[in-house]
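What follows is subunit A paired twice: with subunit B in the first complex and subunit C in the second.
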Partner chain A sequence: MTSRLTPYLLIAPLLAFIAVFTYIPILTSANLSFREWDFLTDAKPWVGTENYRLVLSSSEFWNSVKVTAIFALISVPLRLVLAIAIASYLVREALPQRLLRGALFLPSVTSTVAIAVVFSWLFATDYGVINAALAWFGLPKVYWLQDPQLALWVIILVNTWKQLGYDIVIYIAGLQAISPDLYDAADVDGGKRFHVFRRVTVPLVMPTTYFLLVISVIEAFQVFTVVDVMTRGGPAGATDMVVNLLYRIGFTLFDIGQGSAIAVLLFILLIALAVFKARVLGRKVHYEA
Partner chain B sequence: MFDTLKIAAATSLLALAASAASAETTVEFWHSFSGDSGEVLDGIVAEFEAANPGIDIDAQHIGNYNDIVTKLQAAIPARRAPDAVIMEVTRYGLFADRGVLTDLTAYLEADPLKDELFDFAREVGIYQGKNFIVPFNSSTPVLYVNTKIFADAGMEEIPSLTTFDEILSAAQTVQAELGEAGISGIAAPGQFARWGLIMANDSDLIDSVSGEILIDAPNTVEAYQWMASLVHEHGVASVDGVTKENNGRDAFLAGKVGMMMNSTGNYRRSKTALGDDLLVLPMPCNKACAAPIGGAGIGILSTSEQEVKDAAYKFISFAAGAESNAKWFAGTGYMPINKNTKDQPVAAEALEGEPGISVAIEQLSVARGRPRPPVVTWMRASEYDKWQAMALGQRDVTETLSDFATQTRAEEARTN
Partner chain C sequence: MKPEALWSLAALAAGLIFLSPVLYTIWMSFLTVDSYYAGTPVLTLDNYRAALGEFDFLRYLLNSLLVSGVVTLGGLALAVMAAFAFARFTFPGGDFLFAAVVATLMIPSHITLIPNYLTLAKVGLLDSYAGLILPAISNGFAAFFLRQYIRGIPRALDEAAYMDGARPLQVLWRVIVPLARPAILSMGLYIFITEWNNYIWPLVAISDSDLYTLQIGLAKLYRENPGEDVINWPLVMAASTITILPILIGFLAVERHLVRGITMGAVK
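So, the complex of A and B:
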C-alpha cells in the first residue's frame, strides 16, 4: 500500500504548487470573465457572456490581436534564425566563444524594465543617442517611438536583443549533442559548409528548434513589459499587444471582468496554436539521429 | 528540574509582558514621494515617531499616483491593503464610493486642525458631503520659464505669457533661435497642465458642480487643438514629452527647454536645477483665469483596525499641522494647506527669499477643485492615449474628443 502511494506523495508538493499558482488562477480567471468586478467591492454579479461580447466587438481587441500576431510572425523567425547562426559560431569551446556566450546571455538575466528604460532613452527622438548619431552623419531625425510604422520594429528589436541569449544557449546545447562523426562523414563525402549546415545541422537540431518555437511563440503572445515601459501600446495602438490591452482594461480601467475575458481568449488562442504546431511541425521532428 | 522549568516559564511570561507593554501600533503608509520630496517626508515621519513613541509609521514609496491606484486594486481583494494611503484629489472618489476609505468627518470635526486648514484644502477632501482624505500636498500648475534660454533667444526681457498666442510666439522664437542647438521652445504639457490649459480656455473636462462631461465642449476641443499643435504643427514641443510625459520635465530640468507648465510641486527641483535662471509665472489666462487644484491627501483604509485608524489619523493630523506643512512647503514647493504655515520660520524664510515659490499661492484666487466622481479615475487613465494620438497628429482632435466623450458618458452610466 505504502509503495503504491509513494509516487503520488512524491509529486504531491509539486502538484499543489502548480494547482495554487497555475490551475486555480486559470479557473478563477475563467470564473471572473463571466462577472462584473472592479476589485474594490466583494460583489461580483454574474453577467453571462456580456464581457466576451464586449471584447469580441471591440476594435481595440482585434487591433491588439493583429499587432501581436505581426510581432510573433516577425520576431519568432528572426530570433530562431539569428540564434542558430550565432550558436553555430559559438559552439566551439574556445575563450572568445565562451566570453561572447556570456556577453550575449547577459540581457536574458537583466531586468526587462531596466532594458526598456535604457532603450527608450536611446530611441528618444530629440534627446536620444541614436538620432544624435544620425545627425552626426547629416541624416534627419527619425521618430522611432512616435511613428506607427516604426515603433513595432523598435519593440521587436529590443525584445530580440533581450531574448536572443537564451535561444543561443539552448541551440548551443542542441548543437553540442550532434555527434562529430556525422560531420566527419559529411566532410569525407565532400559536403560544402552550407550544405552540411542545411542537411546535417538543421535536421538534427529540429527538436531544439521545435522547443524554442513553442516557447518563443508563447512568449511573443505574452510580451508586456517592454511595450508598457517604452510605448504603452502607442502610438495610435501600433504596439498595443493583447497582454497590454488586458492589463489596461483590468488594472487601469477597473474592469476585471473584461480583462479576464481577454485572458481566457488568449489562453484558448495559445492552446490552439500549440495544437496546430504539434500537428503540422511535431511530425517532422525526430529525436534520434 | 521542576524549579528550572518554573524559572523558565516565569522569565518567558515577564518577557511577554514587557514586549506587550512596549508594543507599537504600526501604520503602513503608502505614498508617492521619492528623491528630495521623499527625504522631507521621511523627516516629518521621524519627527512624528519621536513625538509619539507608541506609533510606528511604516512609510513605503509605491510609485506615482497611478501606481498607487493599481497596487491598491491588487492589495484590496488580497486583504493586504495598507492602513493609510496618499490619494490624488480627483481619484479618491471611486474608493470612497466603494467603501474602501474611512469617513474621516468625525475625526476632523474633533480636531483643531479643521479650523486651521484653508477652505480649498478642506474642500478637496470632501466627497458627497463627507471627508475622506486630509490634504497633504496641494498644488496648482504654474508656468516655469528658463530665463537664460529666453535671453539666448533674444528675449532679455520676458514677454507677456498670458494668452495661448503669446506662449506660442515665445516658444517659436526659442525654437527658431536655438532649435539647432537641441533646445525646444516648450515642454509638451502633462495631464495636470492640460487640465489647467482647458480651464484657462474657460472650460473643463467634467463640470465640477453639475458633473456634466465637457470633453467635447467647443472650448475644450479648442484647448486640445492648441496643445496638440505645439507638437505636430508648430514643432515647438518635443514628441518625446508626449510618449513619456516626464521627459518634457526632465528636459526642462536639464536646461533643454524654454518653458514648462507643471505642478508647483516641481518648484524645488526646478530651482535646484536652474538656480537664478528659473522664473515662475501663473498659468495663462486665455479666455478665463482659472487653474485646477491638484495634489493629494491621505486617506485611511476602512479595513484597518480601530486602534490603527486612530494612530493613522494622528499622523495625518500631524502631517497637515503648521510645523510639518511649513517644512513640506519650503522643501518641495507644494502649497501651504494650513493657515498658520506662513508664520513658521522656515516657511516665512522661503516666502521672503524665493518669490517663485509663492506663485501658486497667489494663483489660488482663481483656482478651483476638480470633480471626483468614480468615472474620473477611468477618464484620466484613458486620456493619455487620446492625447498621444492627437499630439502626434495621428487622429483628428474633434473626432477623438467626440469619441472620448461618448465613451466617458457610457462608462459613467456603467460605474456610477
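So, the complex of A and C:
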C-alpha cells in the first residue's frame, strides 16, 4: 500500500540531481562572482563588486554583447520570416510536403560540431566550394571566415540553415491548429494567396510567433558551439559571443571571479526574457478559432 | 505522370539541394585525399579505416554511445518516477517542488558551467565517465512532459491494481510505464539526441583523450589539421559522417515510424 512518504521517495532522486547540478551552482556562481580566484590558490578573497566593475568596463565584454545582439537581431527575424512562409506551403499532410519537411528538419537534430566543420569546408578560402564556384565565374576568392566584415554573416547563415527546420515544424503545428473553415471562408471571399497569408495566417499564428521569438532570442544569447569550431570568436572579435567570452575567461584564463560575473549578468538577462515570455504567453495573444 | 508525383519529385529535389552540404560530405568521405585535390574522384574506404583506427574515432563513438545511453536511461528513470509522483499523488509541498522542477527549463546551462566543474574537481570526477554523465542526468523537461502525459491515463487503472494489492512501484512499472510508452520513447529520443550533440560540457570536463566523445574528437581533429600542408578534408569528412550517422539512422527510422502511423490511420 502507499504510505505518505511514497511521493517524496519517488521525486527524491530527480530533486537531488537538480539541487546539486542546477540550483546550488546558481548560488555558487553568485558567490564566486564577488571573489577573486584563479583555481590555483586556496584563498578566495572577497572583493565586493570589483569583478562586475572590471567586466562592465572592459571593451571585450561590450564587444561580445554587441556581437551577440547583432546576431540575435538578424538571425531571429530571418528564421521566423523564412519559417512561416515555408510552413504555410508545407502544412498539408501529403507526400511532397512530408518529404520536404523531413529534409528541412534533419539539420536541427544533427551535431552542431559536424555542421560547423562542414560549413568551414564550404567557406574555406582555398579549396572551399563557395570560392571554387566564384572562381568558375571569374570572381576573386573571398576570405569568408578571416574577414571581420563577413565572418558573422557566415555564422548567421549556418545557424539559420541548422535551426530553420525546427521553427518550421513548430509553425506547422500552429497552422494545423487553425480551423480549415477560416481558409475556406477566405477562399470564398476570393482572397488572393498572399492576401490570405497576410490577413489570416500571420495573425492567427501570432502565439506561435511570440513563442518562437522569445525562445530563439534566449537561444541566440547562448550560442557557443558554431563559433567555437568555426572562428573561436575571431577574426578580431568579430564573432565573439558572450558564452565564448565566458568560456575563454573561465577556462583558458582561469579568472573564476570575472567568468562568474559574466555568467550571472547573462543569467539575469535570460531569466528576464523567460519571465517576459511566461507573462506574454500567459495572458496576451490568444486567438481562438 | 500525375501532378502529385511531380510535386513529390520537386519536393525531393528541393530537399536534396537543401541537404547537399551533408550529402556532399558523405560523398567526399569516400574519396582519396589525392583524388579530392586533383578533382578526379577515386573511391576508397581508407578514410574510415584511418578515422576509426589511427585517429581513435571508434573509441569516441563507443564513448558517445555509452555516455548518451546511460544519460538517457538514467534521465528517463528519474523523470518517470517523479512524473508519476507529481501526476498521481497530492502531498504537502508537491506544487512547490513541481514548480522547482519546471523552473529548471528556464535556467540557462552556462550558469552551472564553472560551479559544476568545481564540484566534480572536488570529488575527483573530472576526466571520468561519471563526470560526463552525472550533471546531464536530471531533465526537468522530460519530467514535466511525462507528468502531463500520465495525467491523461485513467486513474481507474491504477486503482484496480492497488485493489489487487500492488505497491506504488509495481503500479508504475506494470500499469503506467506500458501505457506511457509512446511518451517515454519520444522523451528518450530527445534526451539521447541532446546528449549526443552536447559539446560545451565534455569540452570543459574532459582533457584525457581516451574519454573524448565524438563531438570533442571531431572538433580537435578538424582544428589540429591532420594534412601535411593542406587539410585532409576527406578524413575530416569521414569523421564528420561517423559523428552524424547514428542520429541520421535514428531519424530515418523514426520518420518511417511516423509515416507508418499516418498510413495505418488512413487505412482504418
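Assume the second predicted complex is superposed on the first by the 247 of 289 C-alpha atoms of A that agree within 3 Å, B and C clash if a C-alpha of one lies under 4 Å from a C-alpha of the other, contacts with A are read in each partner's own complex, and residues count from 1 in each chain.
Convention: a contact is a pair of C-beta atoms (placed from the backbone, for glycine too) under 8 Å apart; a residue touches a chain by one contact, two chains touch by 3 or more.
Keep in mind the model is a prediction, meaning the values are calculated, not measured.
Engineer: Please indicate which partner A:214 is in contact with in the superposed arrangement: first for subunit B, second for subunit C, both, or neither.
Structural biologist: After superposition on chain A, A:214 lies in contact with neither partner.
Engineer: A:6 contacts which: subunit B (first), subunit C (second), both, neither?
Structural biologist: Only subunit C; A:6 stays clear of subunit B.
Engineer: Once chain A of both complexes is superposed, is A:26 in touch with subunit B (first), subunit C (second), both, or neither?
Structural biologist: Second partner only.
Engineer: Taking the superposition as given, does A:251 touch the first partner, subunit B, the second, subunit C, both, or neither?
Structural biologist: Both partners, subunit B and subunit C.
Engineer: Is A:40 touching anything from subunit B or subunit C once the two structures are fitted on A? First, second, both or neither.
Structural biologist: In the superposition, A:40 contacts subunit B only.
Engineer: Looking at the overlay, what does A:127 touch: subunit B (first), subunit C (second), both, or neither?
Structural biologist: Once the two structures are laid over each other on A, A:127 reaches both partners.
Engineer: Touching A:104 in the superposition: subunit B (first), subunit C (second), both, neither?
Structural biologist: After superposing on A, A:104 lies in contact with subunit C but is clear of subunit B.
Engineer: In the superposed arrangement, which partner chain does A:234 touch: subunit B (first), subunit C (second), both, or neither?
Structural biologist: Once the two structures are laid over each other on A, A:234 reaches subunit B alone.
Engineer: Tell me which touches more residues of subunit A here: subunit C or subunit B.
Structural biologist: With both complexes superposed on chain A, more residues of subunit A are touched by C.
Engineer: Using the superposition described at the top, list the residues of subunit A that contact subunit B and also contact subunit C.
Structural biologist: Touching subunit B and subunit C on subunit A: residues 120, 124, 126-127, 251.
Engineer: Which residues of subunit C touch subunit A once you look at their complex with the stated criterion?
Structural biologist: 4, 7-8, 10-12, 14-16, 18-19, 21-22, 24-25, 37, 77-79, 81-82, 84-86, 89, 91, 94, 97, 100-101, 104, 106-119, 134-135, 137-138, 140, 143, 162, 167-168, 172, 193, 196-197, 199-200, 203-204, 214-215, 218-219, 222-223, 230-231, 233, 236-237, 240, 243-244, 247-248, 251, 255, 259, 262
Engineer: Where on subunit B is subunit A touching in the complex?
Structural biologist: The contact residues of subunit B facing subunit A are 66, 69-70, 73-74, 76-77, 94-95, 98-100, 182, 184, 238-240, 242-244, 247, 251, 256, 377-378, 381-382, 384-385, 388-389, 392, 394-395, 415.
Engineer: In their shared complex, at which residues does subunit A touch subunit B?
Structural biologist: 38-41, 120, 124-128, 143, 145-146, 148, 231-237, 248, 251-254
Engineer: Note which residues of subunit A are touching subunit C in the complex, please.
Structural biologist: For this pair, the touching residues of subunit A are 1-2, 4, 6-8, 10-11, 13-15, 17-18, 20-26, 28-29, 32, 93-100, 102-104, 106-107, 109-114, 117-122, 124, 126-127, 129, 161, 218, 221-222, 224-225, 228-229, 243, 246-247, 250-251, 256, 259-260, 263-264, 266-267, 270-271, 274-275, 278.
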